[in-house]
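What follows is a set of structures to go through.
The following pair of complexes shares a single chain, chain A, combined with chain B in the former and chain C in the latter.
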Partner chain A sequence: MRLQEDLADELAATGASGVIIDITAVEIVDSFIGRMLTMIGSISRLFDAETVIVGMRPAVAITLTELGLSLSGVRTALNAEKGLEILNGKS
Partner chain B sequence: MDELPIQSGDDVVRVRQQVRGAAAENGLSLVDQTKLVTAASELARNTLVHGGGGVARIEVVKSPNGRTGVKLHFTDEGPGIADVDLALTDGWTSGTGLGLGLSGARRLVDEFELNSKPGKGTSVVVVKWSR
Partner chain C sequence: MDVGGTSERMAEYLRDHHDKVVGRWSELVTARVRGRTSPDEVRREVGDLYSLIIRVLSDADDHALGELRAALDELSRSRARDGFTPSETALGVFSLKEAVYELVADTADLVPEFLVFSRLIDDLGLRTFEAYSAAREQIISDQSNAMLELSTPVVRLWEGIIAVPLVGTLDSARTQLVMEKLLDTLVTTGADHAVIDITGVSTVDTEVAQHLLKTVSAARLLGAECTISGIRPQVAQTIVSLGIEFGDIATKATLADALALALSQAGMKVVPQLWSKCRSSRSGRRCSSPFRSTCKTIPSCASRRTWPTSWPPPGPAG
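So, the complex of A and B:
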């Protein structure tokens, strides 16, 4: 996947300690997209970076839960600001 | 009744868009639209990956008590499912996924019917009713 390659390249080049993925514009998360998000978390962890997914729509959150997806290994936050707080160690 | 081919990832996206349109036009709430589109995405991807491609049909249906529903048919002529009960078990996977596609899709809809014969293909029909 292009996104995963780009992410790994960026993490290696910059030494970033955190990754924020904003899914505000994402209308559904099925198990395919869920797996992709989990893999991004796993890749980031190999570079010692934490992943926070932000901006999940309420309907998506309800559907994800019923689908049975837990997005293990990634944190979630309400919005980018809250996500940054997590990465900066404020919460 | 619209019939849509499922032969590529782009076709899966088109099925999602058409299902969203039908769900929104027929009075499903935003949460129910999202559940139905997510189920459609899982089932369309199954048709593509496990069924070797197939077709989706979208139908608007009425219940005896006057509620409107969106009914989706996914049909393929792939290898079929040898053990349907096992395939519907949470966490059971044929290898590539998380094992939530079929069982998860069933939880997201109001009616779910799966027919499969090994060597003959698989058909899944689901309905989501407006509240």
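So, the complex of A and C:
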């Protein structure tokens, strides 16, 4: 929740065109985190910024799939480097 | 098991008649195995078991029963491997009763002792059954594990492109394994394109399709684009008649098509590589390659406009 507010404030202030969320350190996810990530994607789209989630672990990906969350509306990449490539390729 | 020292008396009796009983027991077992095990081998096994049974009956120590069971388990396992049926193994144990009964039949005063002994032998016979089925189950589970391991390779097709050729049937357990291996490989190789080849999958029903979709969406979460390839005509018909939607997942008829798609998405193109040896422009000969018209390696090559006269091309001029 704090993250969402901070992100919205920051996006409004800087007018950034891309958001990278690195979740390498996240080992356990639940449906709440999945929903939160989708919401962050929607919020940043309102500021015309694209969200890329990077560094997801295989176990996390399997859990999210089993929960039926495909994180529509956000892009995903293997690592921060590839995430940046996606953002740069778009802009 | 012990009532008023009956089992001790039985142990005493068995010890006294050791050679006779072991001899008769071996004979009975040898007759049953019909030459699949040598008589000496049988005699050794029988002798070991016999002394363990005496130790159990005489209550000499607590470990005897455990040892006897372990020896019996080992025996049943080796018999199972040699192709004996569990009944044969159990009957081999039961024939000890027969051997002893032939001796005790004359002496009426040993009846309670024989009953105690008989109960022990029954337990042991049943134990061989248990050990046999446990050994068989172990073999079966080992084999299915081996099959699971064998059937899920993840291969690297190109820099950044990996493929999973699926063979056989797709159930939940295998999908889980495939998914884990695919995702691990995606992470370790840093690939951004995965091809799932289902040429070897015999049937595709809604459940299999569901598993495929799950695998694809998990791979997408790692930022990899997935293509499903190897869809045979019958499979395509089944998929359509079942109303399965693959959505925006790219599907291709063959692995080659999927590879071409993946390469083009990665911004690569495969061109015939002939021109490193092209000497036509230097030698002044006419170029004879059938790919001459697409040659971009040596733009200045004048022979690009001419047609081949022979193939393979003439060797380089000295």
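One rule holds for everything that comes next: the second predicted complex is superposed on the first by the 89 of 91 C-alpha atoms of A that agree within 3 Å, B and C clash if a C-alpha of one lies under 4 Å from a C-alpha of the other, contacts with A are read in each partner's own complex, and residues count from 1 in each chain.
In the analysis below, a contact is a pair of C-beta atoms (placed from the backbone, for glycine too) under 8 Å apart; a residue touches a chain by one contact, two chains touch by 3 or more.
Keep in mind that this is a model prediction, so the values were computed, not measured.
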{"item": "First (chain B), second (chain C), both or neither touched by A:L3", "value": "neither"}
{"item": "Which of chain B and chain C A:L78 touches, first, second, both or neither", "value": "second"}
{"item": "First, second, both or neither for A:V54, with chain B first and chain C second", "value": "second"}
{"item": "Contacts of A:I62 with chain B and chain C, given as first, second, both or neither", "value": "both"}
{"item": "Partner chain in contact with A:F32 - chain B first, chain C second, else both or neither", "value": "first"}
{"item": "Touching partner for A:L46 - first (chain B), second (chain C), both, neither", "value": "neither"}
{"item": "Intersection of the chain A residues that touch chain B with those that touch chain C", "value": "57-58, 60, 62, 66"}
{"item": "Residues of chain A that touch chain C when the two form their complex", "value": "53-54, 56-58, 60-62, 64-66, 70-71, 75-79, 82-83, 86"}
{"item": "Residues on chain B engaged by chain A in the complex (per definition of touch)", "value": "16, 20, 30-31, 33-35, 37-38, 41-42, 45, 90, 97-98, 100-101, 103-105, 107-108"}
{"item": "Touch list for chain A against partner chain B, complex", "value": "27-32, 34-35, 57-60, 62-63, 66-69"}
{"item": "Residue ranges of chain C touching chain A (in the complex, touch as defined)", "value": "176, 179-180, 183-184, 186-187, 190, 192, 214, 217-224"}
